[in-house]
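First up is the structure itself, then whatever we jot down about it.
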Amino acid sequence: MNDFFLILSVGMCVLVLFCLYRGTFGPGVLNRAAGISAIGTKTLIILLLMGVIYDRIDMFIDISIAYALLNFIGTVVLAKYIETTGEA
Amino acid sequence: MEVTLLLEATENAFRIMEKARAHALGVLDTAVQFTGEQTRFMEEKRWQVLFAGAQRRKTRFQNFVGTALILFAFWMLLSGHFDPFHLTLGAICCIITAYLFHDLLFANVRVGDMRVVALRFLCYIPWLIQQIVLSNLHVASVVLRRKMPINPQIITFKTKLETDISSITLANSITLTPGTITMDIRDGVYYVHALDQKVADDLNAGEMEDRVAHIFMEADHLYVEDVLDAARIYDALRV
Amino acid sequence: MIRDSQDVIVKTLSRLLVPFMVIYALYVIMHGHHSPGGGFQGGVILAAGFVLLVVSHGLEQTRKRLSEKAAGVLSSIGVFIYAGIGALCLILGGNYLDYGKLSKLLPVVPAEARSLGILGVEIGVALAVMAVMFTIFLVIFTVGEFQEDDRSEK
Amino acid sequence: MLVKDVICILFMLGSFFLFTTATLGLLRLPDFFTRLHATGKGDTLAALWSLAGLAVYHGFTLTSAKILFIAVFLFLAQPTATHAISRAAFRCKVQPWTLAKGGEK
Amino acid sequence: MILPLDFILILFVFICAVAAITIKDLLSAVVILGAYSFLMCLLWTEMAAIDVAFTEASVSASIGTVLMIGCVAKTKRRSKD
């Protein structure tokens, strides 16, 4: 079962690479923000998978909750900045 | 001489009586008016009391207690320790937080129908999950074809929903259902970006809006169940 | 940025979310000694909750709950709690922040006194970090939007 | 034991498939709004499924209750973040890609 | 230590760092720094340093990004060179 989770997390890391392509080369801030928020969700899942692999999921889950709560704030603040200045 | 005096006195007396009568009439009129207003006010008050079961807001104290209880349940979920020391810490933290934020969690909530709303919301979730699965399959089928069958367009429609909660439920449901995301809400007009001509037509049918309105009991959407619920509340209050 | 958001969705969702965020931050602070986290992280999450409140509901709504003056006072109180516990241990005959000596004051064994001392220090650190982060945020974001006399006359 | 593992593996593979399609959509679709279609929907359901799989694998404890809380939270926050950023783009008058303007793809 | 994850994550962090310093638009650089902090947190977690990972997560995911956006708002966003 551990090997399965390990392969799965490596596969998710490869997906993070594709999102990172959109994050670095994507034209404009908005595309980058979309890519980065996708990376945030995948990061949360990879953290939990690592917790299962290390067999200490009760510790890793706190970091996941923190990400789930805080990832939202960054996106909202960025959206509000773009909206107030009016330049995309 | 005395006759004229007598006449004058009589006239005076009559004048005073006239004035007194006019005064008394005025007093009576105002009294009648006041009683009328009072009865109308009482009537309004009675109607308000009758409708209060559905429409009354919670008082500050109830807000405080409700927020503290919900937060304490959340604290017990987070903390795995159930000894008295940690429970006391949790109670103190919940009271501080509820004192700071007692008006945030329960703003614009109607009291009488909370249970019905929660029940209907729970019944709404399976339908929503089915829609989400369909939407993911739709996205997958769009993405995996070599020539992507997309024809993006912006559609607008006006909604009849009133409260905040129902409008955000509708907006998030639109975002999660196949091929559409909510772009903007201006004065009750939704701007929706649709991926395809077909999904745009589907959304215009407005099935989801009816469902959301049914959950939150909005005014313009009357259903049979709503009427039955209202009758039950009315009966309970009249007795 | 300081004015309240016109977006009903973000406004309503942050209204529902901020209390849970704050209680999660308090959980991180209070359980610092037997799970990851502690004063610093909890204080930062607490400040993030207030930042979300400012961004969605505007500065006026936030001032009712945590004003600038209160933030300044809280930062000093946090440092005072931290240094006070340390100095108390020094007075009781140990080293600085030697919590075992606190058992002379409290009716507990030294091991529990250590746990309580760490809890007190973490509360102090969290208060200081939260207040300072919130003040930095306000100073950066309100520059040029509000004058100084605006606040003094209220 | 075995049934639990099989359910977990099924959920995880499904979520991995959805993550893959969401990422492909992020790469292939022509403009910003259509890319949001891919990430906003795909990531929500994929994260939900993998959280459910982990909760099943871990069994019925307080930790899986926390995992379910994360799921509920993501279910609320992900569409809202998508909406916030698409609204910012719409207010800035970013022109959406249309079939007529983009021509034959 | 999980070796395959280690190399992949270090590669990602390297890509993010190079992208953040070569990009012209300051707001984009801030957004890429957000991704940098995500991957850095994964790296710390993978090396089993949970407390450091928690600090990285809580500080740079919320307050760091917000403060940097505030600083960008007070300066000229697009640099000329």
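As written, the chain order gives the labels A, B, C, D and E, with residue 1 at the start of each chain.
Please note the rule applied: contacts are C-beta pairs under 8 Å (C-beta built on N, C-alpha and C of every residue); 3 or more make two chains touch, one makes a residue touch a chain.
Keep in mind it's a predicted model, so treat the numbers as computed, not measured.
Student: What's the minimum number of touch steps needed to get from chain B to chain E?
Tutor: Contact-graph shortest path, chain B to chain E, evaluates to 2.
Student: If you tally contacting C-beta pairs, which comes out ahead, B-C or A-E? Let me know.
Tutor: A-E
Student: Quick one: point me to the chain whose Cα centre is farthest from that of chain A.
Tutor: Comparing chain centres, B lies farthest from chain A.
Student: Nearest whole angstrom, what separates the Cα centre of chain A from the Cα centre of chain B?
Tutor: 36
Student: Which integer distance in Å separates the CA centroid of chain A from that of chain C?
Tutor: 27
Student: Just the number, please: Cα centre separation of chain C and chain D in whole Å.
Tutor: 34
Student: Going by the contact rule already set, what residues in chain C reach two or more other chains?
Tutor: 1, 7, 9-10, 13, 16-17, 20, 24, 36-37, 41, 45, 48, 51
Student: Hey, what residues on chain D touch two or more of the other chains?
Tutor: As it turns out, chain D has residues touching two or more other chains at 22, 24, 36, 46, 66, 69, 76-77, 80, 83-84, 87, 89, 91.
Student: Give me the residues of chain B that touch two or more other chains.
Tutor: 78, 80, 168, 171-172, 182
Student: Considering every pair of chains, which are in touch?
Tutor: Pairs satisfying the touch definition: A-C, A-D, A-E, B-C, B-D, C-D, C-E.
Student: Over in the complex, which chain A residues touch chain C? Could you list them?
Tutor: Within the complex, chain A touches chain C at residues 58-59, 62-63, 65-66, 69-70, 72-73, 76-77, 80-81, 84.
Student: Inside the complex, what are the residues of chain D that reach chain A?
Tutor: It is residues 5, 9, 12, 15-16, 19-20, 22-24, 26-27, 32, 35-36, 39, 43, 46-47, 50-51, 54, 57-58, 63, 66-67, 69-70, 73-74, 77-78, 80-81, 84-85, 87-89, 91-92, 94 of chain D that touch chain A.
Student: Can you tell me which positions in chain D touch chain C when the two form their complex?
Tutor: Residues in contact with chain C: 76-77, 80, 83-84, 87.
Student: Which residues of chain E touch chain C once you look at their complex with the stated criterion?
Tutor: 50-51, 53-55, 58-59, 62-63, 66-67, 70-71, 73-74
Student: Touching chain D in the complex: which residues of chain C?
Tutor: Per the stated touch rule, the residues are 7, 9-10, 13, 16-17.
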